[in-house]
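Here come two complexes built around chain A, the first alongside chain B, the second alongside chain C.
Presenting the complex of A and B:
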């Protein structure tokens, strides 16, 4: 068996699922409701579909070049120097994404739980954790996601199920958008939450059977994205669209308003936050891993370990740039939308060139 | 080997760095006895001459002037650490003196936060709202508007959405000082009055979070429990205090809560009604055991028209007048059913009319228009203010079907 190809389809699916479930779930219902009112679940679903298009292109390219990541096959396709521009954009974008996720995490923690802990500390602790974890090989990286995935999924679903006690179906009607104003922006913001899936381009070259990445992608998206839709639907059903517009983190409020039966726990927000820290960690892990793995490949280094700490100061400095929470969310939205050009537009360009030039990578003897 | 010794130094420095981030402990560590755990809050309007009692904690004359707003009189119940009896075995609070388990402190302020900061200035431990269960506001404050109160408690991350917000007839401070005998902690008594009310079918679920949600909805207004302190420190649920926007505009009678519950079809059911029939003459009290309702909306000549089908299952609980009334006669039961149908239709219509007069749609009929007739809603209504204007024009058709199921242990 090929020693470098050890990741199974299930692990690949878990990587995607646990990457999707991340820092974004807290403000997600707010983004969706701002765009579509009571049609928020539909907006989320459309966002999910847009995200799936991006993922499909990545997987398609991955299957055409089963031994290479996007950094490597883009060189074959459009030449060395043009591909450098694209690769550097990818590295820069995921470095920014990492820093923003860490900052968003810090803001939530400082606002809701640890009020006198400096935000710098929560951010640096989280980034350090991610940096240490990224020092491992990609198979270990896959194991980590595979291990944490059920721990994220089960509590998420539990909160949704328990909150349905207070749900009112009428809050979800009408299920169609009533105005087109802001819908596209909301869809793009939500689609941007799925960008961590870009990691597939690094995972496919290490998969036992690259063709199975289609199945992995489908299940990863269905479970991770499905949880998104369910959380939005539950939040809207419990609070109503108008109330959500007043809540900065509706999902956290949902956990706060939900109690375990028989008053075992009267509010689930503490339990939810504990789970959510893990979710943020896995998401950070993915985007940070992507950053340093891509850097390694672009400079043709043998090892990515030393890069993980080399990048840390830059990522941390970027995380500290936003001046306040309002500005931070503006930046999150803008960066997310610009990122769609990089994570969907650029691969789309590559696949077209690949089809036109009829270029393929060396196939792998699988199946 | 110079490289490996360098590495060793780097590794040990890194280990130290990591350990320091993990071992410094928590910035936010607060021992439980250093916390002032607030269980209940009351908010009254301050009298005119009380302004001078206030010290300048959040504002200073000149540079940071006080807000131009009516003063509030805020009181808190702080749990005394170690005094709250944990099990039934422990003696202590049962004597009915709230001074043993709680400390009631009151302050004045220009806003809620200002009042709490004035209070914090006087109390050594940090105020903690994570266990806040009951917020009582006086009717006077409620009629002036809750915007400031809602904003403060929404912004505060410790307050739970399961706390109760209630409106008291008269002074709210008295409810903080009252010491009902059934619970050792007065706040818990207030809370259980309403929680048990939900279980007995006397009151709808209306936690502060639900109130906020209802208030935010475009086609619905919020309502709160309306309570009054009675002679022996017991608390009566007097009705629903209903709102228009953030201002209280009226209160219902206790039985009218049943009207709300019936129209919304909320279970369990728990109210009794006196039914008098003419032929043969007699009066009975029936106990509603189960409610269900169906609300349908259609647009009739540009005005929303609602058809409400209420179905009540009732039991006969008491025969008051007319000993000759043979309850075991099916015809008489039908007669009672018929009478209750008629009375209920009138009863429900009156409640709706009452709220229509005040432009306060606590039932959320507007939400049905928004959900089921989105085209009409978009063209003609669209905003909360517009629905408040249109609600009085809406027409209603109430149908009630009563079914008597049981008559108790007596055979006739």
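Presenting the complex of A and C:
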């Protein structure tokens, strides 16, 4: 067996699923409700579809060039220097994404559980955790996602199941959007939450059977995106669209509003947040790994280990840039929308050039 | 029997040598002995003659040829030497008594007609002769023969085969390994009389020259694994291997990991089971603990009994063991986190009771837990060191009295004591001592994390531990196999122990040459396919018709 190709389709699916489920889930119902009111689940679904288009392009490219990542095949397609611009944009974007995710979760922790801890501490702890984990090979990276993925689904689904007690079906009506104002923006914001899927471009060159990435992508998106829709639906059903507009992290409030039967734990929010550390970690891991893996490839380094700590101060500094939560979420939205150009627009450009130039990578013997 | 035999023939003129014997030997390792026994005696005396336990005995073979015999007095069986060597050499065999023996025939006749020992070989290399004596052999040099006989006469006192002290079972074999390699190999061979069982030997340790046996099943074990084990072992350079634990530390993949990457056992049946699964066992002369590689995490909470008792019950017990394992790792830190950061998580009545118990305690929960945990570790260590007769008393005094008094004195809260007690008991439920040690150790950083960051800190700690486990490999096998990377066959024997007929395949991650344990063609005995009429039901109406 080819030693460098060890990642199975199931692991690839888990990578996508656990990357999607992350800190973005906490404010997700708010984004969706702002865009579509009670049609929030529908908005989420559309966001999911937009995200899927991006993923499809990545996978399509990945299958055309099964031995190379986007950093490498973009050089073949558009030449070395133009591709450097694209690659540097990718690296920069994912570094920013990492820092924002760390900051976002840092704020969540500081606001809701560790009230007297400075946000710098929680941010650096999360970043360190991710940085240490990125020092491993891509196989171990896949193992990590595969290991944590089921653990992420449990708290998410548990919260949804327990909140059914307080849910009102009437809150979900009307299902269709009442006005088109802000819908596009909301859809794009939600689609931006799926950007971690870009990691597939790094994963496919290590997959045993690159063609199975289609199946993996489908299942990863279905499970991860499905959880998005379900959580949004549950939050809207419990609180109603108008109430959610006043909540910063409706998912966390959802956890607060529920309790386990038999009063085992009186409140679930702290426990939920603790378990959610895993979800945030996997998301951070993906974007951080993407950053340093891409940097490694662009500079043609043999090893990415030293990069993980080299990048840390920059990422941390960026995470500390936003002055407060409000400014941070503005930046999150803007960066997300700019990011869509990089994670969907740039690959779309590449696939068109690839189709026009009829360029393909060396195929791999699929098993 | 006198311990040391003084012999008249001992010569002391070579006693002072400049270099230690081992260096002298190393520089003369290609020297050969010649036909003169005086030269041979001089050489051996120069090297090891100053040892009081070396016996040198001159005699005459068949009454005519001068000969000499060397051995270490306490390493050999004297009856054996007297009757089977000395007597046999002094008297001509009956069937040759009429013939005269020429000098050139002597070597042949001595080897083929005279010596009654099966383990006899001719050797001319002087260094190897000395080595033979060192290992408990008897060296016989005869005037006129340019080679000497090395006869295996070693007898070492050893303890008898006992119940394994650390891995006792209720149902299962009662034999454990002893120190002697030969005995241990015999224990394996008699359980596994298969031609496929291969035992390779190796010597490790420049001075101890410990014999190391590498056992594997030809046709099952992946040859690449055997090669890897051999190459890792052959790279060890150390003066002495006193236990298999030394080897473990040289061949493991990650020296800095708290988790053991090599399993050890003193049960021959466990070794056989592992060999059949496709693993490699390493035995060292002088150690009653054999090593098994590669090792994955799930082996540490499995026991032999899991397979000897029925699956339903043992699956439940295995689950209990897993719970105990998790308990021993996270229970105290969970307690600290909830008490100091999130008391709202637990039901109000209980929270009030906990707060009441802690009312007089002067320290924050983390300090309290750390103090009690540390004293528990001290007690545990003391119980191991103490003689058995006092040990029981100490554990009662230590645990019961001190615990009770600490609570009464307002030094610790009762809940803390309960927590620590549960944790300690939980760590004893883990069958593998080395894995329990790792978890015991990791508990402390987790408690500190919990004290700093609450539940968030525990999760950070657990993620770090899990990431480490995920990145760990034992001889190339991912440590959490078969959970990660997923393998459905392996899951049947992971958390529960599936019924034996389900476990048709060998562990996938070992990449064995022969994947299946059973012949698929043969029907497995199952209750439904069994003959229903083995015993006819008793009839009441058999009172004569």
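Quick note on the criterion: the second predicted complex is superposed on the first by the 366 of 367 C-alpha atoms of A that agree within 3 Å, B and C clash if a C-alpha of one lies under 4 Å from a C-alpha of the other, contacts with A are read in each partner's own complex, and residues count from 1 in each chain.
By definition in this document, a residue touches a chain if its C-beta (ideal position, glycine included) is under 8 Å from a C-beta of that chain, and two chains touch if they have at least 3 such contacts.
Only a predicted model underlies this, so the values are computations on that prediction, with no experimental measurement involved.
After overlaying the two complexes on the shared chain, residue contacts for A:173 are found with chain B alone; chain C is out of touch. With both structures placed on the common chain, the touch criterion links A:38 to chain B but leaves chain C unconnected. By the touch criterion defined above, A:240 lies against chain B but remains apart from chain C after alignment on the C-alpha atoms of chain A.
By the touch criterion defined above, A:133 reaches chain C but does not reach chain B.
Applying the stated contact rule after C-alpha superposition, one finds that A:352 touches neither chain B nor chain C. In the superposition on chain A, contact of A:267 is made with both chain B and chain C.
Contacts of A:257 after superposition on the shared chain: chain B is touched, whereas chain C is not.
Once the two complexes are overlaid on the shared chain, A:321 sits clear of chain B and of chain C alike. Shared-chain residue A:117: touches chain B and chain C both.
Judged by the document's definition of touching, chain A residues 113-114, 117, 125, 266-267 lie at the interface with chain B and also at the interface with chain C. Within the complex formed with chain A, the residues of chain C that make contact are 341-342, 344-348, 453-456, 458-460, 463-464, 466-467, 470-471, 478, 480, 483-486. Against chain C, the residues of chain A that register as touching in their complex are 6, 8, 10-11, 109, 113-114, 117, 122, 125, 129, 132-133, 136, 140, 142-144, 146-148, 263, 265-267, 270-271, 273-275, 277-278, 281. Interface residues of chain B facing chain A in the complex, by the touch rule stated above, are 18, 21, 26-28, 154, 157, 160-162, 205, 209-210, 212-214, 216-218, 364, 367-368, 370-372, 374, 378. Within the complex formed with chain B, the residues of chain A that make contact are 38, 111-118, 121, 124-125, 128, 166, 170-171, 173-174, 176, 178-179, 238-240, 242-243, 245-246, 253, 256-257, 259, 266-267.
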